[in-house]
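Below, each structure is written out as structure tokens.
Two complexes follow with subunit A in common, the first pairing it with subunit B and the second with subunit C.
On to the complex of A and B.
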């Protein structure tokens, strides 16, 4: 009897084990060697309004073994394929024809829109990316100067793929960073504007092949609704980032009146509050910035041990930050007339009932909206030295 | 059938997944459509129905100890109407269980197993649940005691992992159009809370039945907190686009990325979430099968389990044409359907019972309560 029981148990166990083998993934079983892992995609608009989709696909064997074998170099770590169609989904169908493996979207890190595609509108493409059950809403979105394909084709010297380069660049937050989710959120916000980082190809150093370089973020594309209407340079972008409370990295250089030389500080952290005010029937925006800095370069003869000098420096840094913000306001508010600063949302959040009336004439009100900038800079630390370096002691000003 | 015993803590652990498991799927999206940035408030309104249902259920149980609704409806409304109400409840649970199975199937097929036939996904789940239900309530209770703490821990971890991405601004403007949107948003979750009526089928098995009320209320509070925090986390991450997602919570989980390293956590979430749904379906399934056995005056319910399971598979297939129809049903008529059967009918039974007891002999009912 005991043996019979054991045999029965073994049989049951065997049956269950067999089930585990055949039921894994059911009809959706996909082996790792049957899928092509998409790292990044580029969306371009080509002739007769069609969409050209370019995908960068990881070649797993090469990436897995890496450069350790020492044979690397000639072998590319990613491959580029394109397909065209009326929509992205349509283009994917054509792309799939040209690939032996099934496209897998779970690791897609970046999306680049070609300039032409961005000017026509990106909503349809974003819809696909959000609706797809495999894609991540966290992927970074860019606009490529020229075609998106040319960015993905590059073979970067350090990172494994152009997609990885761009993702790292966006995450370093030197300029704009927008994930697909954030893009949709701003598109759905009260102002219906979007800012996306713009990338172009870094000219390769002499002696290198034309494609042995990287794409980099150099400016910012401005969208009204889902269409790109213009672009702002890095200086203006930083001004916008200060106002939007999205600045993460900033160096501020100022001159102190009456002194020769520059002082540069590094921002440690900053916080911006946008407060809308309604006074005597007129709207007004008050932007309060508090920012903490460390001095990283002192080209003047001022001794940083003196509280008076620090206060003078703080005042000048404040002026410089204000200038940046003001020039951003001048270009975007006065010239381009797009509310990328989040003023509309700030009013909506503070005065929801008044916003309902204001919303209809917001486009007329916004360009003439007075904006007050209050900036407080606190210099916390002078770096490793108090007095300026290389200056005789008697010349140092306290 | 009556010999199996669970503790009141196990009852709470069965009620918790019986409501939350599917309440974090379609419900947040439906809530967000009505309540928008006030969606975090809706579970709190909705929980009022939960407390009310627990109160009604416990009151009825005190009047008719050791009896389930199938039996005391006969005592209250007479043999004909009582049996009719019992049949109504059975048909209701039959339908609702099928809908839950369908929700599960739609979710798995829509998010993970795209090419797998939905009937297969649902059939596999029904089979597992059938085996669990056959094993009896004591087994279910112990299963819940082991699994539910893991599920709660997991939900807590998710909420913590979402922290780097939260945007408190998304909460404002609070109460833009008054409190009405958040109350409207509560319409769907309140029908989930009315499922607390399942307690009525579990209470006869609870050893420490005098703690039933306390643990029932603890279940409602913990469910309310779970929905509150998941809604809040979803709102903080997605803000104004929350309503556009079919399954906002899973989309939030997919968004999690800690230091570019901890990503793609939804697979773990899925694995444990399936556990929650397994418990949910089992509890409903158990209530249905034991209810049917009692209605037919059978001494055992086990022989019914597999045949009812087959019918459940069929009905879940018929319960909706597609996801749109299912969501529409749950967001509109379904809300009133669920709370009508599980809250309004028991309330009606309770009122009749009180009135009858008073008419017949006022003392016993009162003294019975005082003894507790």
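On to the complex of A and C.
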């Protein structure tokens, strides 16, 4: 052997390490100052069927300079750029031409569809976003009243960007919230419908510039297949959330018969079970809701320490919740005829074999499907005081 | 023995050093012959004193010693005075030369506790060099080496390199005898054995292997002795020399020998069945075999309460990882995985990096190298100048570099945190190993991202698992897995539960408390 053992080992090691570096490669190495961090995108439909993609890009120089005591002030913290194309991918290609830095999608938090784009169909756009390796499946999806671009262009007074505002709003869960992944999953389900939060521009206060305001979630867009077919208001939306077991934040106000004044309760937790039943050839859905509440306002003269009073209040709260759910059912089941409640999936899960037959005529069956609502409310705590406050003791009703 | 396969290989023998002639000669009866030979050996040595005198006024004798290494007072009082006095015995005897018997002299007149008989010139030279005065008497074919050596030494002080809040404050010093006495004073059992080996062609350093008979496996002692005896160096000035020469894997970044200045650490290790190698002239003693874990533990872990010590150990493990990985993780995330950190954090970091001219890898390398240089400067400089170095480091290099836009502020934080983290490792040698490995990790992170970090970690782990210290696996407790031992690594087991000694040998029963 001409080559010594040690030399040979060193050579092998060298070859392996060179391969590791070359084959593994630095091909996706990107310095942080060479990327444009996309915070949110808006997808609009423009003339002749093209797609206009608007991105909101963070400008790190300005955002970071806050604590450095540097410049800041007038400069915007984000910039807006648009590109058009036949598909969203085309639009990105055009957009990239107009940017000095590579677009980076890892921090994209929101996707807004313009109303027009939503009415034509959102599936192919979402498919791109889910397929892309950098984007997050957890980004929140919205539908914008008007164009999506106009939402992203806003300069919010508190948050850094319009995207951040929308993300925070979705997280607070007052109304609908859907991530890209959930949206596609729901579209995938038996009912093929989805509800997406709808946003519009909050009118700016007097004296402020027109863009110095925020977008906010005000209602819900109803999708059949992947097309937007209508809109429901916030009251109806909460009714749907109750049925879908997605309600996280709710205040219920009720009046007790024979008493003056309102009682408001805050929901602590709620649980909904949807049980389909097949009796004598007829389908029926039973919705059981159990919900726990705290009393946060007592405008009546009822003493909340008394068991009898609490029971009366519970009954009234139950009625109010039922009313909400019923009106949601009326509008979505009877009028719009879309199964956003997940009844189809519930039947499929419980009666898989029968569902195969039912599936074909589901669109006919669904609008007339009887739905039974059973609601149980428990008032857990009456708040910091038992009797109504500011009422003379002798007037308090035990 | 397969166990010790990876021991040091023998070295090619070097040309023999020209020894002074006649060292092997036996002492002649004629004292003047002997004296001449020794004087020849010690020619041109003004510090070697030859004191001639007459025993009892008739027999000539000479006392040879090195100035400053022998206790003058005792020599005067216990050697010269009794011998030079003309006592009654010699006056009555017929012929003084015949009567002067070496044994009787030793038994009756030399009031010195430690006396060795020497037979050859070579032995004489050895004792003289070690500081013992040698007494040669005309007409005797043997001399006496008197144990009166004494020289200036440092008092026992608190060890600086391993300070503790709670625990003994004594530290080893440069004198081997004192160090041995520190051990002996605490281990009062005759089972503490001390074997001596002399090292160094010229300076003849004494090295002692200490072990506990019955606890330490014999194999450790014989192997260590074998390795020590193979050392052929001109001089051994520090136990670091020995450490390097008897390590199992000299090219590994990880130290396989523990060095300590603390007698309590040495004793704890003796009691756990390890051997302690002491060297004259160095306050650092060596402990073998050790596992990686004992290098990242502090002696105080066992002196403080178990709960607190366990927490501190966890903290140390965390910071150990930080000191190894933080800069590379930062580079990897910033150049490959920007999606991994929260948006706001990314934007803050991005903003601070906006004007930085270098890629993250280069920036990190510059700052880490500068930090290492600062640390090194701080160690070498006198204490007063050390403060100046830290000011220069903190203000000029830290703040000014950020303001000038050469380095980003987060990078300064990363470097600072890494520095602090590496100082939480109680043993300097272990800490510096991880500090060193940080650099290849940074290159891996810069070229392969988190994949590279994983790759590097695996390589390090494989390497560590393959290491042995005196034949015992370096990751002992985990590789091979031993539950009762692992619990004292992952936490700090309370003493009342720590029944078994660490298994570093094949013994079955190994209880340290009944």
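Just so we're on the same page, the second predicted complex is superposed on the first by the 367 of 398 C-alpha atoms of A that agree within 3 Å, B and C clash if a C-alpha of one lies under 4 Å from a C-alpha of the other, contacts with A are read in each partner's own complex, and residues count from 1 in each chain.
Here, a contact is a pair of C-beta atoms (placed from the backbone, for glycine too) under 8 Å apart; a residue touches a chain by one contact, two chains touch by 3 or more.
Just so it is clear, the structure is predicted and the values come from calculations on it, not from any experiment.
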Touching partner for A:60 - first (subunit B), second (subunit C), both, neither: second
Touched partner set for A:28, first subunit B, second subunit C, both or neither: both
First, second, both or neither for A:104, with subunit B first and subunit C second: second
Which of subunit B and subunit C A:350 touches, first, second, both or neither: first
Touching partner for A:117 - first (subunit B), second (subunit C), both, neither: neither
Touched partner set for A:136, first subunit B, second subunit C, both or neither: both
Which of subunit B and subunit C A:181 touches, first, second, both or neither: first
Contacts of A:375 with subunit B and subunit C, given as first, second, both or neither: neither
Touching partner for A:37 - first (subunit B), second (subunit C), both, neither: second
Where subunit A meets both subunit C and subunit B, residue numbers: 26, 28, 106, 136
Subunit A to subunit C touching residues, read off their complex: 20-21, 24, 26, 28-33, 35, 37, 39, 58, 60-65, 68, 104, 106-107, 109, 134, 136
Of all residues in subunit B, those that touch subunit A in their complex: 110-117, 120-121, 124, 169, 172-173, 176, 237-241, 244, 251, 254-255, 257, 260, 263-264
Of all residues in subunit A, those that touch subunit B in their complex: 23, 25-28, 106, 130, 133, 136-138, 171, 181, 184-185, 188-189, 345, 348-350, 352
Parts of subunit C lying in touch with subunit A, wherever the complex brings them together: 334-336, 338-339, 343, 346-354, 356, 359-360, 446-449, 451-452, 455
